[in-house]
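Multiple structures are listed underneath, in structure tokens.
In what follows, chain A forms one complex with chain B and a second complex with chain C.
== the complex of A and B ==
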């Protein structure tokens, strides 16, 4: 029933782009952890999480994202988010994720600001 | 599930019931069903998205915490619309919580970030934020229930 998470990692200079596809749930933890570790190993100091507008994200997935935010804060990395539907932009704002990660409407806007 | 049991039952124009296997992922069936029903009765797309997330979170809590992930249990989702009020009751076969927790109006994300551990309580927080009224931890003859209400004009 669940569509497994897939994260393709792309590096643009010191920015690591997590291209997130599929559902973002409690089962997504290992995929985010692996992407984050790889980005760290490659020396990324900025991270862009790119979601799809039709993504199914539940509280289990939000908890995973908060864990990644905690690690980026501890490692002094900048992180931002793009691709979310209006509903999930509202949800991310509600839970306070926007205190730690800015949300952009497009990848281009996010990259421009991160560069 | 026996052959005479159905996943979705429509009792009348105003009441629909969905019986879900206790398996993560099947909350999507209840989300889709509630979204379709809410669209038919005239809810706006933005409120339907709120409803879908609230239904999803209530079902997840029922499966994980109420039914303790047991595959021999099920989750019953009853939807009723009348007098411009949409009510969703999500029932599990657990015993409920000893005490109904106080759900904060704000999530202390700083604390969750500092703790470096899996944050909890996000689902109940979201439900409270997204619906007009919610009653957690209700015990009925059919089991433990969460009852959520959304008003059409809301």
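== the complex of A and C ==
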């Protein structure tokens, strides 16, 4: 039914970038956990979660993202999100994700904020 | 027939049975943003995706959230994906809403026509219901997985 999640981890200065492709669902948990664990092991204190415009995130995927945001908060890490369609920006705002992570339209804006 | 055979509901049907299904369906085109079905409405039609993408939504009416909040449940984007299976079981009421995520083409089957077909060909009815049960079991597993995530979050938040 869904397109499997793929997360490529990139490092830009002191910022860990999660390049997220595919649909984000309850089954995406291990991919996010692994990416977050690797970023942590590399000492990341700033994270950018980058989605593609056609990404689909369902209720389970939202729960996974909130889990990661809760961990970044506990570990005093800064996190930004980019690449979301207007549809998902609205949903993220409504479920309160924007209280924990700022959302930007472009990667450049997000990187500028994190730098 | 090639648009119906990838559908999980029709897996295992013979060529004559698929041909019989072909006679009771028609094609529709739906624009991005347009709703196919609404949660709570009588479920009289089943849709099979031919091309495009359909988003399934669950309405949440709660004081905590905005009145218009629709929780994204899943996206269907593979030819043969099925929408409106609530039409096949009582109380024949859609349990989710479905909106076009992009311009889409679908095959539409009226439940009354399908029921007549199943009553006339019990083997077809049996295969179809078996496929539906398998699909619903998979969905149940996914939902339990999601429930586990929510409980983990609750558990962690209550400990911090």
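Basically, the second predicted complex is superposed on the first by the 115 of 115 C-alpha atoms of A that agree within 3 Å, B and C clash if a C-alpha of one lies under 4 Å from a C-alpha of the other, contacts with A are read in each partner's own complex, and residues count from 1 in each chain.
The working rule: a residue touches a chain if its C-beta (ideal position, glycine included) is under 8 Å from a C-beta of that chain, and two chains touch if they have at least 3 such contacts.
As the structure is a computational prediction, the values presented were derived from the model and not from experiment.
J.: After the alignment on chain A, I want to confirm one thing: do chain B and chain C clash, or do they fit together?
T.: They clash: once the shared chain is superposed, the two partners overlap in space.
J.: Between chain B (first) and chain C (second), which does A:58 come into contact with in this model arrangement: first, second, both, or neither?
T.: A:58: touches chain B and chain C.
J.: Is A:69 touching the first partner chain B, the second partner chain C, both, or neither of them?
T.: In the superposition, A:69 touches chain B alone.
J.: So which bits of chain A does chain B touch that chain C touches too?
T.: Common to the two interfaces on chain A: residues 1-2, 25-27, 56, 58-60, 62-63, 66-67, 70, 74, 91, 94-95.
J.: Can you tell me which positions in chain A touch chain C when the two form their complex?
T.: 1-3, 23, 25-27, 29, 56-60, 62-64, 66-67, 70, 74, 91, 94-95
J.: Report the residues of chain B in contact with chain A in the complex, numbered from low to high.
T.: Checking each residue of chain B against chain A gives 23-28, 46, 49-50, 53, 56-57, 60, 106-110, 112-120, 122-123, 125-126, 129.
J.: Please output the residues of chain A touching chain B within their complex, sorted ascending.
T.: 1-2, 25-27, 56, 58-60, 62-63, 66-67, 69-71, 73-74, 85-87, 91, 94-97, 99-100
J.: For chain C, which residues count as touching chain A in their complex?
T.: Interface residues on chain C, with respect to chain A: 55, 58, 65-66, 69, 71-78, 81, 101, 142, 145-146, 149-150, 152-153, 156-157, 160.
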